[in-house]
Amino acid sequence: MKRAQIGVIGYNSGSLPIKSKTLDLAYEVGGIIAKKNAILVCGGLGGVMEYSCKGAKDNNGFTIGIVPQEDYSSANQYCDAVICTGIGLSRDFIVAYSSDGLISVGGGVGTLIELCVGYIVKKPMVSISDSGGISDDYGGKYLDERKRILIEKIKSPLEAVEYILKKNGLQ
Amino acid sequence: MKRAQIGVIGYNSGSLPIKSKTLDLAYEVGGIIAKKNAILVCGGLGGVMEYSCKGAKDNNGFTIGIVPQEDYSSANQYCDAVICTGIGLSRDFIVAYSSDGLISVGGGVGTLIELCVGYIVKKPMVSISDSGGISDDYGGKYLDERKRILIEKIKSPLEAVEYILKKNGLQ
Amino acid sequence: MKRAQIGVIGYNSGSLPIKSKTLDLAYEVGGIIAKKNAILVCGGLGGVMEYSCKGAKDNNGFTIGIVPQEDYSSANQYCDAVICTGIGLSRDFIVAYSSDGLISVGGGVGTLIELCVGYIVKKPMVSISDSGGISDDYGGKYLDERKRILIEKIKSPLEAVEYILKKNGLQ
Amino acid sequence: MKRAQIGVIGYNSGSLPIKSKTLDLAYEVGGIIAKKNAILVCGGLGGVMEYSCKGAKDNNGFTIGIVPQEDYSSANQYCDAVICTGIGLSRDFIVAYSSDGLISVGGGVGTLIELCVGYIVKKPMVSISDSGGISDDYGGKYLDERKRILIEKIKSPLEAVEYILKKNGLQ
């Protein structure tokens, strides 16, 4: 039977420098997902994706990276399994669809796309407060005038993970 | 040789009622794209997509609808060609990639996804002023802190189309 | 209203040398599609795709290339419109879904994938006799034991196009 | 670090009745993948996919189902993780790309597509002898005239799994 799958979304490495506080938050979120025995799902690359995977692995969790490429060479080293989509950045849809809920930590426009997809299919979504970028811009907000589902703004990684689990009736 | 391809994005029919002013703007944008001899690209469904296609057809233009489904039965009747993607809403990426520039008229979260994709690959983008929804929310703004490319806010459909053509060196 | 869309599939340029007879057949198929006022749909690249597009353009037809890439720089110069999917080779599904019928001219394993997709959704399919590769291997056959739809084997490009149109009630 | 990922492909339930011998082989393949500590990757649905997942779970393995749908409700009950692609049957590309090698057990045209994708990117591929359908038709053959990589024909599920591992330098 499918285990709980929690998506962590946020900055990739490489474009803007990412604050160490943001990466620490990503690491912490990953660790809690592992402790709660949920599978961590992410886009499989660097930055927030890598740090959250590392956090999960340091806590004996299981991690899945869903990468844009046809092969797994771009995946970060903390992915237990790599899904090689070969569909480029439109794999953002698959990250959101494959998560029982999304936790955003910082992030740019790719993170915004994942939140939009989560909004369309009404996934529970949390942005971590003061993690920067898109997460700070959209926490506590609806993504369009239909107000389908709110992006919750939560400071504590533990409470963020528990929020997703509760919304799925798992805690 | 490829002709100019201009994407029109905005509200689909069916969820929220769309103001007649917004649909009139969509119709007008479609007509101007046709008069400029560019191909109109869109998501192929109802609302802004349908009205812009109708505007293009009433002015002897050519229209392509890129639909989520595997078959063309959901396409609006003003599409000359229908691209049946079978990949669901992630076809939003293909709409943006396949356009030399995007013009948004109103719109919800799907429109926001298309703008995000355009932003990633730096397509010229225009939101029509006072057309509602996402277009009003994001006109004149950048989609994340990297400030890759601005979404221009333009009132006149004629100037919007000319802006896209100029940015492509076509006028 | 959607015009008839006929897909031409077969060898890409670049891997194996393609016989001039095969390219001549592709050119001829493209010309007839144009004369019948149908839109030519293809994968947008070289080889059979390019020659069929050239045949259509020399006969005042309209051509659409559905390419794997995010941008149109790889498309052959005879495409009027380019659909930039950004989903890599899985765009083969879109080529098949977007065609009212498929005509194969030679071809390798990519062509076989397109025939398989056509077979799943029961598109009329024709392989041109003596055009080489996959077309010769699979003409007159079913693709699996369910015998959903036969790949017709037809020698004449004219009759091949007419077969697709007839099966769609268009001639 | 990514664990070994072995793809099992073959008949879905529902169209043709599947011989119990074929399902037994699928179950056995799944069990061996688990014993070898590799992750089982598949299309997540019924038939061969379900039996191989059950085999893996009965041997304490880990299973990933990559389904066509946007949600996981169609996945078989033996998937530990479900990747919800939302891209329909073109998810066949992702199954093949995400596997370090493919083992086919029976199968129809969908299985043939997965073998074609494996052939393009030169994945080690094995068809289990006497498992029916596509596996019997294509075992021991190349998929086109370029002869990129042979589909090995192997009778024993144990040897099939060991073949894939060896080709990846893992045994």
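Letters A, B, C and D mark the chains in the order given here, with residues in each chain numbered from 1 onward.
Throughout what follows, a contact is a pair of C-beta atoms (placed from the backbone, for glycine too) under 8 Å apart; a residue touches a chain by one contact, two chains touch by 3 or more.
Fair warning: this is a prediction, and the values are worked out from it, not measured in the lab.
Legend: contact pairs of C-D compared by residue number with A-D, B-C or A-B; the interface matching in over half of them is A-B.
Spacing of chain A relative to chain B, judged by their CA centroids, is 29 angstrom.
Between chain B and chain D the centroid-to-centroid distance comes to 41 Å (mean Cα coordinates, whole Å).
Shared interface positions of chain B, i.e. residues touching 2 or more other chains, are given as 70, 86-90, 93-94.
Contact topology of the protein chains: fully connected, every pair of chains touching. Of all residues in chain A, those touching chain D in their complex are 1-3, 5, 39, 41, 62, 64, 66, 70-72, 75, 77-87, 93-94, 97-98, 121. By the touch rule above, chain A contacts chain B in their complex via residues 15-16, 87-90, 93-94, 107-110, 112-113, 116-117, 119-120, 133-134, 143-146, 148. The part of chain A that touches chain C in the complex is made up of residues 70, 86-90.
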